[in-house]
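This is the structure I want to talk about, given as structure tokens.
The chains carry the letters A, B and C, assigned in the order they are written, with residues numbered from 1 in each.
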Amino acid sequence: MGEPLLTIKNVTKCFGETMVLEDIELEVRQGEVIVLVGPSGCGKSTLLRCINALEPIQGGEICLEGEAVDAKGKNLAALRQKIGMVFQSYELFPHLTVLENILLAPLKVQKRKKEEVRQEAMALLDRVGLSGKENSYPRQLSGGQKQRVAIVRALSMHPEILLFDEVTAALDPEMVREVLDVMLSLAAQGRTMIIVTHEMQFARAVADRILFLEKGKILEDTTPEEFFERPKTERVKQFLNMFAFHAVKSPKAAKEASGEI
Amino acid sequence: MYEKAAWLTVRIGLIGIFLSIILGFFCAAILYYKVPVLKRIVTAYIELSRNTPLLVQLFFIYYGLPKVGIKTDAATCGMIGLAFLGGSYMAEAFRSGLEAIDSIQTESALSLGMSKYQVMRYVVLPQAISISIPAFMANVIFLMKETSVFSAISLMDLMFTAKDLIGLYYKTTESLFLLVIFYLLILLPISILGSLLERRLRHAGFGS
Amino acid sequence: MPDLGLEVLFKGKNMVRLLGGLWVALKISLLAVAISFPLGILLGALMTSKNPVVKGILRVYLEFVRIMPQLVLLFLIYFGSTKAFGWDLSGETAAVIVFVLWGTAEMSDLVRGALISIPIHQYESSEALGLSRAQTYLYIIIPQTVRRLVPLSINLITRMIKTTSLVLMIGVVEVLKVAQQIIEANRMASPNAAFGIYLTVFVLYFIACFPISMLSKHLERKWR
């Protein structure tokens, strides 16, 4: 199978006095799709941000292809090119057109030829259903469209691994679907992805492994089947119950109320 | 007579404003990047220059400094005074422009592998400048208005000329009228330009 | 160490005279504030009226007063009122008039801005709760308007205090004029008085304005 692409060993992170990540261990292989789930504030987004050193870690080590990801490291910019990240708030650059948004980093950072990058960008835009929008500004696009542009922008740097931080949390249901479809097709292509999400059915469909975090610790690390059908810990069972609703207004209850039974 | 005076006002005003922009830029950068020692100096400078009138600053530079060996002619004094006062206002305008850019914009640019310099140059700065423009234009107008005090240090500007004419020739109505007209000529265009820029930016919007 | 000319300060009543000059400046500002702020609030509320004539006249007045340098306005009133109405205004009176006109204009704009910045949802949601118009204004709108207004009003006061330095040009004996007199009087005795005295004036204005602007920042932070 070869060496894992990304290794996270004994990672701890604190915000001041509070420990937000405790002794995190994770190995991600090429082509794997990992989904991180858990209650709010459990540290899933923080973990993602530590992977590309947007947050410094206080203990342990994160290595991409053997090279340590260090907030103060000299090679940080080069490493970040290999890690693509998509944010919940899209974070497109409002003063640039869609095409300019996508071309900026490949041209300035990777110093590639404009024509080559442009063609690739147009092809990607077409694949996500946004051809014709390349000269629009972000403010003219819907949330789902913006997020798809953000994904294309991350892809255009040819990253080894893609990080998704609750990318559909701010979107309307139809737009959620547009974006999730793109992510599903990326997974099908064999991309290595780490996804933080609340969309449980999507998680089940896309993941190779699901990790459950609570209060900065990984409580479970299993296949989707195991996670949803046979969760090992009580906590996970509780968590999954949050997504199940029992009818308050069941037909039986209604009949009782009207005195028929 | 008035034209020459007006020209002088505009010339010194523009140079002073230009210098204040440069000074303001440096100060804003120092504050934004929180450079250790300089940060305190800049903060002190801003408080000092914003809490004292331009007239007092001019008197100090023109009459006071020569006594310790620093002599300046009236015109230079005017420019320095304007730059000193204006620098702090410009610094505030630029700094709030820079800080209005959410840090997460910077983060998304960094995630693409851009260096800090590239992030500033291609992502933060263009947006910050657009956002600062209303405050910037307001400062320009304010500084241009402040040039009216130059007459106090015997600079032959518009106010000086007006005072002269009123004093010597008693042509009060005429000189006052011309005074108003000339200042309108200088200030109205700047003001209108400012409003236009502001309106254009509001339409451009800045949703992400 | 060159002679900084500071010892002049301690001669006789010089310091007191300087402070007296500063008081003249403060007096003018405070008087102007006392009159122009209420007037400005009134005008500001008026500006939100739908009447185009009212709006138009107020607009022209506001724009003119704001675009003209304050010194020009001082000249206009001081010299112009003699010519136009035959009045013989003292420099101080002219100054107060000009500052009232200026303060009212600025204040009305601040009030208008503060009122407009309250989102319409605030009115709607309080109406939905059943509050009457008056109650809405009293409990919801006015407290919020005040919060937006106060820092900016304090900033206006600071600006007024600084601008009073201009009245020296129409003959009012305020702090800079006093400074000039002291320097003249001590020409022989302390040739470097100019440095020390003007430095003192600089510091005096700073002491007058800095606490006020600190207060404003503190309030802004508290009420954010």
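Miscellaneous remarks
Please note the rule applied: contacts are C-beta pairs under 8 Å (C-beta built on N, C-alpha and C of every residue); 3 or more make two chains touch, one makes a residue touch a chain.
This is a predicted model, so every value here is computed, not measured.
Of all chains shown, B has the CA centroid lying nearest to the centroid of every protein CA atom.
When chain centres are set by their Cα atoms, the one at the greatest distance from chain A is C. Each chain gets one centre point, the mean of its Cα atoms, and the points for chain A and chain C are 55 Å apart. Distance between chain A and chain B, defined via averaged C-alpha coordinates, is recorded as 46 Å.
Averaged C-alpha coordinates put the centre of chain B at 20 Å from the centre of chain C.
Partner chain C is touched in their complex by these residues of chain B: 47-48, 50-53, 55-57, 59-60, 63-69, 141, 145-149, 151-152, 159, 162-163, 166, 172-173, 176, 179-180, 183-184, 187-188, 191.
On the side of chain A, the complex with chain B involves touching residues 52, 54, 77-78, 80-81, 83-85, 87, 89-95, 104-105, 108-110, 138-139, 146, 153-154, 157. Residues of chain B that touch chain A in their complex: 104-105, 107-115, 118, 122-123, 126-127, 130, 204-208.
Taken in their complex, chain C has these residues touching chain B: 2, 4-5, 67-72, 75-76, 79-80, 82-84, 158, 162-166, 168-169, 176, 179, 183, 191-199, 201-202, 205-206, 208-210, 213.
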